[in-house]
Structures are given as C-alpha cells and as structure tokens.
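Okay, so subunit A shows up in both of these, paired with subunit B first and subunit C after.
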Partner chain A sequence: MHSKSNGYQRSAWAFMGPGVALVLLAMYIPVVYTMYLSLTDYNGLDTPQFVGLQNYVTMFSDPSFLMSLLNTAIWVVGTLIVPVGVGLLVAYLSFGLKWASLFRIPFLIPYALSGVAIGVVFNFILQNGGALSQAMAFFHLPGADTHWLEVAPLNTIVMILASSWQGIGVNALLFIVGLQSIPKEPLEAARIDGANGLRLFTTMIWPLLRPSTTIVVGLSIVNSLKTFDIVETMTQGGPNRISETLGVTMYSDTFQNSQYGLGAAVAIFLTIVTVAASVLYLRRQLAIGDSSGSGKVAEA
Partner chain B sequence: MTSRIVRYAVLGVLGVLWLLPIYLLLANASKSNADFSGSQLWTTGNVVALWNNIVDVFTTTGISNGFGVSAVYAVIAPIIAVVLGACVGFAVIVLKLKHGFTWFFLVFCGTVFPIQMMVIPWFSFSADTGLYDTIVGMIIIYSIVALPFSAFVMRNFFIGISETVFEAAVVDGASVWRIFSRIYLPMSTSALVVVFILQATWVWNDFLLSLILTQSTARPVMPLLNALQSTEGGGPGYTVTLTAALLVSIPTAALFLFTQRFFQKGLALGQY
Partner chain C sequence: MKARKWLAAIVVATAVTAGLVGCSSNSSGSSGSTTLNFVEDKGWNYDPLSTAAKKSLGVSLKTNTYSNENQFQAFVKQSLRTPKAPDIFTWHTGAQLEQLVSQGLVADTSSIWKKAIAKNWVSPSIEKMFTVDGKQYCVPLEVDYWGMYYNKAIFAKYNLAPPTTWSEMLNDAATLKSHGVVPFYSQDGNPWAFVYYMLTMAGTDLNEYNAINEGKASYTDPQVKKAMDVWLKMLQKGYFSDPGSKTPSQTVFKDGDAAMQPFGTWYPGTLAKVGMKPGSDWGIFPIPAITKQNGKTPVAVETAPVCVTAKGANKAAALKYSQWLMSPSAQSTWSKAQGILPYNPQAKAANSTLQGFGKQVTDAAKYTTYLRYYEAAPAPVLTSALNNFTGFMTAPSDPTKYLKSIQSVSSQYWASKK
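For the complex of A and B:
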C-alpha cells in the first residue's frame, strides 16, 4: 500500500496530463518558436533564414512601429483615465441607492457586445457626416465637419472613447464588489466625526478600495496593451498606419506584409510589456485562491 | 437628500448618453435602404424595415453560415476547456499531485501570453496539417486558449471543498474517476457555469484568431461582420450591416442579461 498522501500520484497524472500536455505543446512550444522566428527572415513560404537581431533593428527604426508604440501608450493612459475613472464614478454614485441595479443597466449593456460590433456602430457614428457630425450641426456646435477617424491622434482618442463606452460597466461592477467589502463601522464613525463627500472618499473609501483598484488598473493596462478588435474594425490602423496599436502592427507586418520575422519581433515586444504589466495584478489574482480571499469572492 | 438627487441625476444623464449608440444602432437597423439617405440618422425606423433587413442579412450576406459556426465554437470549446480545467484542478487540489502548484502555475501562465505570441506558429502548423479553416481546428485552438483560465477557476473552487468528501467516497469504494465525475463535477456546477459563460462569450466575440486562422467554411460571425463594412459598391447597404451588428450581439447580450450574477462572480475572479 502507498502512504496516504502519495496514494493517488498515478491517477493525479492521468487528470493533470492532458492539460499540461496541451498547454506545453500548443502554447509554450509556439512561444519558443515565435522567439526563434523573430531572429529570422521569413515570408511564410520559404525556409526561415537566420538574421540575428536584424528584425529588432528594423523594428525600432520603423516609423510605423514607433507610431504604433506611441498610440499604444495613449491607449494605456486613456483607458486608465476614462473607463477606470468613470467606472469608479458610476460605482460610487450608484452604490447604496434604491434601484441602483436599474441605473447601472445602460453601462452594462455594451459589455456584452463584441469589439467588432462596437467598431461597426462607432464607424457609423464617427464617419464623415455621420451621426455625431449631424448632431453637432443640429446644435450649431463648431467642429461638425471634423474628420474624426482620419487624423492622429484624434482617431486614437475617439477609438479609446468607443472602447470606454464598452469597458465602463465591467470596471463599475468590479468597484462595486470592492465597495461591498468595505466594513461599515469605520465609515459610520468618520461620518459622525463630520467627514462627508469628497473628504470621506479620499481619506476612507479610496484607500479601502485598493484591492479592487489594483485589479481594475491591472486589467485595464493589460487589455489596452493588447488592443486589436476595435482598431482593426474601425480604421484598420490607417490611414497610412497612423492609428495602429502594437497588436494591429503585429497583424499587418505578419499577415498582410508577409514579414513574419518582423511580426514575431513585434509580438515579443508586446509580450514583454504585457507580462511586465501582468505581474501587477497576477499576484493579487493568485492570492484569491487563498482561503481568506476565496471567501470574499463567494460572498460577492 | 439633495446629494441623493444629484446622484440620480448624474447617473441618469450618463445613462441616457450611454444608451445613445444603442438607439442609433436600433433606429438605423430599422430603416430600409431607400429611407436611409445618410442625412437623417437620428430619426426612428420601423419594424417592417427591420424585418426586411433581418431577412436580407440571412439571404444576401455571407454571415448566415457564420451563426451556426460561431454557435458550435462557443458551445463546444468552452465545454472541453472547462472539463479539462476541472481535471487539472482536481489533480492538484484533491489528488494532491506532487509539485502540483508548479505544474498548475505552468498551465496558468498560459493566460499571460498575448495571442500574438503564439498565432504565427498556429497559422503555419494549421496550414501544414490541413487544420487551417476547419471547424475541428478552431475548436481545438479555442479549447486550448480557454484552458488555463478554466484550470485557474476550478482549482480555486476545489480548494473550498472539504477533504473529507474525497476520503468518505474512497471509504465507500468509489474509483477516482467516479469521484470526479459523480461527486466533484456536480458539486461545482456554479463554477463550471461561470467559466462556461465567460469563455463562450469570449469565443463568440473573438476576432483576432478567427481572422487569422479561417477563410471561408470555418469562418465565424465576427470576421464576416467586419468584412460587410468594407464591401464597397455591390456590398450590402449600411442598414443591413447595422442589422447584422445587432443580430450578432443578441446571443451574448441575452446570455449576459440572464446570467448577470454569474458574470459578476466571474469578474471578481479577475478576468475581463
């Protein structure tokens, strides 16, 4: 007989094996292969030719890549300001109100929509002479003939707003979960001491919301770094590659210009940045697995 | 009291603003191409035109085939992922696999890599093996991409189940497989549902993978919808494209509204 704790090792591997094998074969090996491809000249058809760091040199001297890098940075900052900020505002304003869930519905509906559907709708709104321009002309506002999607960085900014339209509901929900877990007593005590409104928020609520903020901020950074769907649907990164993000640049380098090595180099750059940002909230995410953390999640 | 009114007012105004794009989508999906002059985008449409546009989406655009394909992906791949993920969690937590956390962490790290980091080899491999643009190939890829997150949630869920459950079942003479399938899986319905909903939504909404790995027969709705926009001249009118955007959004919107509580739980787990 095996000892109790070791008695099921063989069965355990039968359960663990398929998952580990699939992830190793279909994820880790491709990751390593992409690293190799980034050191080669490869057009997708012939044999990859080893060229050392040439693709990285090309990448960092490519104006399209540098533009894409700048746009991605704007995406990260913009996504932190708008969806995180307004998400927190919606959560804070609606928390504890009667019919709060009813008032949150408008913010939650867009969440279920795909990036592509949102791109289609906002193309319709933002095209030249589109719904936004018509509304602005109706109210005699200046700028009704602005070409929203054709000038940088305006096109990136309006696409960030389109993406914010979708993202706010999720962030609000995450902040609400955080607000629910704040103990009532210290807040009441602060209120009795005369703290209210902004002061109560900055000194008590904001510090206590920190766990939620970490998750929301971490997710926002990681997701905005990977932005692809909305940009590809709305501008295809254009005109002349001025609205590309790193995800779009990787796609067009690889699958439209058949520069697989260069695309792989962009993918690696994107991965390094994303993984670095992930560390911010990964520890927190794994900590949920602890006995203390999991109870909180179940209650929410 | 006044602060309460201000809160309702701000939420109300923001809420109306948030609904405007939805209104524009509905209003213009409900106009016939003849009524759609491009200068009256804010006027309401009518139900007859909406119906005609829906018929047009299914009869004149290539998107109709995509609905079935997307549905197959969004149902089958998450089921495979959730079962494999539960197996991983079961091995690590219940069967106490040696160095279990290390192996689990290896699987979990699959959520960290952006898809861009793996998609070139997937593209080459699927082209070489004939899996490119096949339903089977896409189901395999979606299942694998969804697996690490499933394993993560299921592991966390199994931590909360008492060890005595397993010990009692062993005393009763149940096999390990039976304990997994007849006791642990039924006990984890809520976690399984959370993972399934999140992953089904993700698969249905996926654009990047399907854009790269499919072309025609295995192409789901999102790249097809995107293609509707760029067809110039002979393509469908804007009203039909908007109707298509509306139609592809209904399954995930409905799923979301009916399962909002589950979504919230999933959110608390840290994805999306």
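For the complex of A and C:
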C-alpha cells in the first residue's frame, strides 16, 4: 500500500516536474536574479561588482526617481477617481435601462485596444499643435497653445484621462455584473420604506456592491502602479524625465542609462510596493466583505 | 509497471524541457556561410552594398534594423556574448566604442586600417577616431561633416544668401522670423537634443568643448553658461521649431516649416525620401563660428562605424567585407546609393552640392574638425545631457540648473575613471 502511494507520488511529481521547472525558470529565477542585480553595479557589459545597498541609496536620492514616485501616486489616485468612478457611474445610470447594452458598447470597445495603440492615438491628439490644439484654435478657445505633454503634472493628468478612455468600459462591466447579482428583495423593501436616489445608493446598493468594488479597486491599484506602455509611447517619461512612472524609470535606468543595478533596484521597489498595496488592501477588504467575492479577488 | 510509468514521465519531462531549451538556441549557426547577419540603427537601404559585395566578395547582408536607439543599444550589448550576436553591426566611435573594446567584444581591424592608409583610401585623422589603446576597431561606412541645410525656395523668396558669419546667420533668422517663417529646426530627446549646445559651445570655445568631454572642465564653467545664453536668446526670440513635434525633420524641411536644419552629410539620403533634390531644393553651408578658433571655423564630424563581432560565427567573411567597405568601389556604390560624400578620395562622389561643401570644410587652413557631441560625451553624461537639454529647450530659462545636473553626472563618471 505504502509503495503504491509512493510510486503514485513519484510519477505525479514527474508529470508536474516540467511545469514546476518552467515556473522556476521563468518566474522565480528572474526575480532572484533581479534581486542580485540590484545589489551590483552591473552596466550591461562589465562583470557585476557587489555594491551592497548603494543602488537603493542612489535611488532615493535621485530627483527623477522621487518625481517618478510622485507621478505613480498621481496615477493611482487618478485611476481610482476617473476610470473607477466614471465606470461606476456608467454602470449605475445604465442599469435597468431598456437599451443599456447598446449604450455601454462605446465605453467597452476601447478596452480591445492595446495601451500602445491608445498612446499613439492620444499622442496625435495631444502633441503640440495636435488635433486638440487645432480644434481649440478653430473654435477660438483659450489655451489652444497649451503644451499638454510637456508640463508636469499636466502631462500625467492628461495621460490618466487618455488611459481612462480605455479603462472605463471594463470597470463599468464589472460593476454591472455586481449590480445584477444584488438580490431584488432588500432593494424592494428599501424602496417601500421610502429610500430613493442617492439614499438608496449609499445605504443599500453601495454596501451590497462591495465584492465588485473590491475587485475593481484592487485591479485598478495594481494596474496603475505598474503603468508603463501609455507613458512610454506618449512622452517616453519626458521631457527631462518629469512624466516617468516607476515602470518607465525602471526601463530607462536599465536600458537607456545602462544602469542595470539601479533599474533592478527600482524593479524590486516597485514589486514590494505593488505586493504590499494588494495584500494590505485585499486583507482589509476581505476581512470586512462577505465570502462571495473573495475567491475571485484572490485570483485577481 | 510502476517503474515504467515513472520512466515514461521522466522521458516526457525531459523531452518537454529539451524542446523548450531547443527553441531558444540558435539554429542558424552555419559557419562558412557568406550571408552576414547585420544589425543596424540607421534605417538606410543597404541593398546596393549587399549586391555589390556579393558580386566582388561572395558576401551578402541580411539586415535587421532597430529604429529605436535605446532598444538597438540594449540588443547589441546583450547579444554580443551570445550565439545571437550579429556578425556585423553599426555603432558609434568615442566612449561607446571604448566600452565594447574594454570587454573584448569587437574584432581588431588594425591590419585592415594599415592597408587602407597605405593605399590612401582614408585619411589618418579618421583613423584616430577608430583607435583605442593603439589598435583600430571597426571601419567607417561613411564620414560625415555637419553643415546647415537650407531651403532654397524660402531663401530665394526673402532674398537671403547663405551666411558666412554667425551674425549674418542671425540676421537671416530675424528676417525669416519677421515673415512668420521658423528659422531653425530643433528636436528634443534622443538623439537631437544636444545639437544647439554643441554648435554654440564648440562655436564659442572649442577648447572648452573638448576639455569638458575629456572630463578636464566643468559644465558649470562660465564659458558654458555664455554659450548656453546664446542658445537661450535664440530660443526666446522664437527662432526654433517646436522641439516636441514628432513630425520627421525632412517633412518639416520640405513643408517650409523650418528654413534651416543642422545635420551631417548623411542627410541628403533622408531628404531624397521626400523628393527633395540637392542644388534645386536645398543647399548647405558651413555653420559659422561665433568665435573662431585660431582663425578657423569648427566643424563637427561623425562617422558611421561598422563593427565586427569578436567571436562571431562569420568573422573572417565579416573582416573581408570590412576591408572591401573602405575600397573605392564600395565607397562609390554607397555614395551613389545615398547621395552622400565618400571619404575615400579615390571614390566617385555622386552629388556635386555636397562635393563642394566637402572640399570647403576639409580645407585645413580655414576649418578645424571636432568630434560630434553624441560620440564625444561618455554614455551616462550623454543621457543626462539629452534629458537636461530637453528640459531647457522645452521651458527656456536660466540654464544653470540644467548644467549643474549634467555636471553632477559628469563628475561622478570621471571620478569612477580615476
């Protein structure tokens, strides 16, 4: 009996082996290697020399890193306000309407585009003398010569709006699923008791929507922390590194400045912040929320 | 039975793993092949060279272009030690070449240079740019001098003549500006953010320009501030095109959105792409000095080096190709294909507008050459400078803070070299 179980175990491991090896090879080893690199002065060519925590010291005294940290914070807050907020609004206002799904389609379509495509399109609109400036000049609106992508924090804000154009639809979709899963009875009861409009929303719908909110906000925080593609295509973090996010700083330190050690330190920092934010947020939410959403959240 | 199951699982596992590893290894390692894997960052059409080389050497090129300079550099640096390394690749002289040489990643071309110099194919002053610690590496595809391209139609319309002094050039600029024409083309970021620093700095004090690039002077010196103030004044007068615009320079030039553009003598090939012809559509003049150096006008020079990977599979063929590249026949072919100036005096120049310009700026009595900033500045300093100059041209103001920022990187770099 014992030997049979043992053999079964062994063949099970043998079948799992390739998968485990692949995960180790493609996920864990790179993380460990990045940690190692962050403690060296590797420049992409010379043999890496161990420099201890020097890269982390350099990183926190580098004004462009601090700027990038601030921009990333703006991204996190901005994506919570705009795509999540407007997503909720779209979902709530369209919920139960007769032609709701038709109304929601235009919000959802941009989600099919890649971040790079969004960047290219909005670059065309927002560059100096671009489509937006031309349109404003045509209608004699003030501010037609605004340099949208060259002044901080304006450039970060307009890029958040550009990415919101893409993000609203999927958030709305997630909220709609949440709205649909709310049981009708308590809402009916609340209505009979005279709750309406804002009151109904804040006291009944919002608390019942918590599982969806947890997912949408959690995803939004993680995604905004690792913002890269839209910034890289629109401003490349510039001019003079004032619109970089941590993801872009990591890339430009590594591949543009050939400071692989410093780039790896930024990568490790970004990873720690992202994991910490997700764990703290989800822990708190799952402790309060009911169990129905928790499984999905853990996967997300 | 159990053992067999076990064995089967291991076999499957091994096969899968081997398959994965196999995917990543180089399958085209056929040594002795005469197709060279060529990786480059210029986006030019190398077919005429490839065809000619195939005829005379039996060597042809398989070209891979990286249009993003950062990605290109990262690829080359990462690949040179691996089987994915290109046989030959374009690069830059100066600090960027020294970096590869110090790691033993590029092949020695000293014997090729010896023959080329003996045959008078190339001037010894160019050899210096390809020399690191007494040995030569890479060969030039072309050698380019920087001049000011001007739109002939616009100059004719406002009765302007190509200037011969700095103040004449500013007068032309003032006239153009008063008619609503942007005088100078300018672009931020990598690579072109350095251009007007280079022109004003080398144009006011060439010794200081060179000393800074060798770590012997500081970006915070008063001479630098003086040069930057010349640039600042031009910025404040609105003499430059929008540096943030993504419109290609040749389109800006053709549309008359900037009347003058400072570029190397490689530029006609790019202008030809939008149908602009030398002589009738555009002309070129040497960029006047603000203050002459010992009576001579400084001219920026750059080269387009082609380098051979030290441990490449087709090294012998790549070296043979390198030697041929400097020959009169290859240089004539390339000059014809690109409409540029050949550096080999025995080659036939295709374009008379550039030929006149080339004769002018190589007159050692009147002109003195200096290495273009992009090659002269050490890599980390260059990156910081491109960022800071971008900041400066985007929001023109006192340059001091930008210069301090570049100097902090420069001090750090040169301290690490001691």
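Here is the rule we go by: the second predicted complex is superposed on the first by the 266 of 300 C-alpha atoms of A that agree within 3 Å, B and C clash if a C-alpha of one lies under 4 Å from a C-alpha of the other, contacts with A are read in each partner's own complex, and residues count from 1 in each chain.
Throughout what follows, a residue touches a chain if its C-beta (ideal position, glycine included) is under 8 Å from a C-beta of that chain, and two chains touch if they have at least 3 such contacts.
Just so we're clear, the structure is a prediction, and the values are computed from it rather than from any experiment.
K.L.:
Between subunit B and subunit C, whom does A:Asn123 touch in the aligned arrangement: first, second, both, or neither?
P.N.:
both
K.L.:
Check the residue A:Pro106 against both partner chains and state whether it touches subunit B (first), subunit C (second), both, or neither.
P.N.:
So A:Pro106 only meets subunit B here.
K.L.:
First (subunit B), second (subunit C), both or neither: which does A:Asp46 touch?
P.N.:
second
K.L.:
Tell me the contact category for A:Phe65 with respect to subunit B and subunit C: first, second, both or neither.
P.N.:
Neither partner.
K.L.:
Which of the two partners, first being subunit B and second being subunit C, lies in contact with A:Phe15: first, second, both, or neither?
P.N.:
both
K.L.:
See if subunit A has more residues touched by subunit B or by subunit C, and give me that chain.
P.N.:
Tallying touched residues of subunit A, the top partner is B.
K.L.:
Determine, under the contact definition given at the top, whether A:Phe175 touches first (subunit B), second (subunit C), both, or neither.
P.N.:
In the superposition, A:Phe175 touches no partner, neither subunit B nor subunit C.
K.L.:
Regarding the shared-chain residue A:Trp75, is it in contact with subunit B (first), subunit C (second), both, or neither?
P.N.:
Neither: A:Trp75 stays clear of subunit B and subunit C.
K.L.:
Go through subunit A and flag every residue that touches subunit B in one model and subunit C in the other.
P.N.:
11, 14-15, 18, 22, 44, 123, 129, 255
K.L.:
Going by the contact rule set out above, which residues of subunit A touch subunit C in the complex?
P.N.:
These residues of subunit A touch subunit C: 3-4, 7, 10-11, 14-15, 17-18, 21-22, 44-46, 123, 127-129, 147, 149-151, 236, 238-242, 252, 255-259.
K.L.:
List the residues on subunit C that touch subunit A in their complex, please.
P.N.:
2, 5-6, 9-10, 12-13, 16-17, 20, 70-71, 73-74, 77-78, 99-100, 102-103, 105, 188-190, 242, 244-246, 379-380, 383, 387-388, 390-391, 394-395
K.L.:
Residues of subunit A touching subunit B in their complex?
P.N.:
Residues 5-6, 8-9, 11-16, 18-20, 22-24, 26-27, 29-31, 33-34, 37, 44, 86, 89-90, 93-94, 97, 103, 105-117, 119-125, 129-131, 134-135, 138, 165, 168, 170, 173-174, 177, 197, 215, 219, 225-226, 228-229, 232-233, 246-247, 250-251, 254-255, 260, 263-264, 266-268, 270-271, 274-275, 278, 281-282, 284-286, 288-289, 291, 294, 297-298, 300 of subunit A touch subunit B in their complex.
K.L.:
Help me check something: in the complex, which residues belonging to subunit B touch subunit A?
P.N.:
3-4, 7-8, 10-12, 14-16, 18-19, 21-22, 24-25, 28, 38-39, 41-42, 84-85, 87-88, 90-92, 95-98, 100, 103, 106-108, 110, 112-125, 140-141, 143-144, 147-148, 151-152, 155-156, 159-160, 176, 180, 201, 204-205, 207-208, 211-212, 222-223, 225-226, 228-229, 238, 241-242, 244-246, 248-249, 252-253, 255-257, 260, 263-265, 267-272
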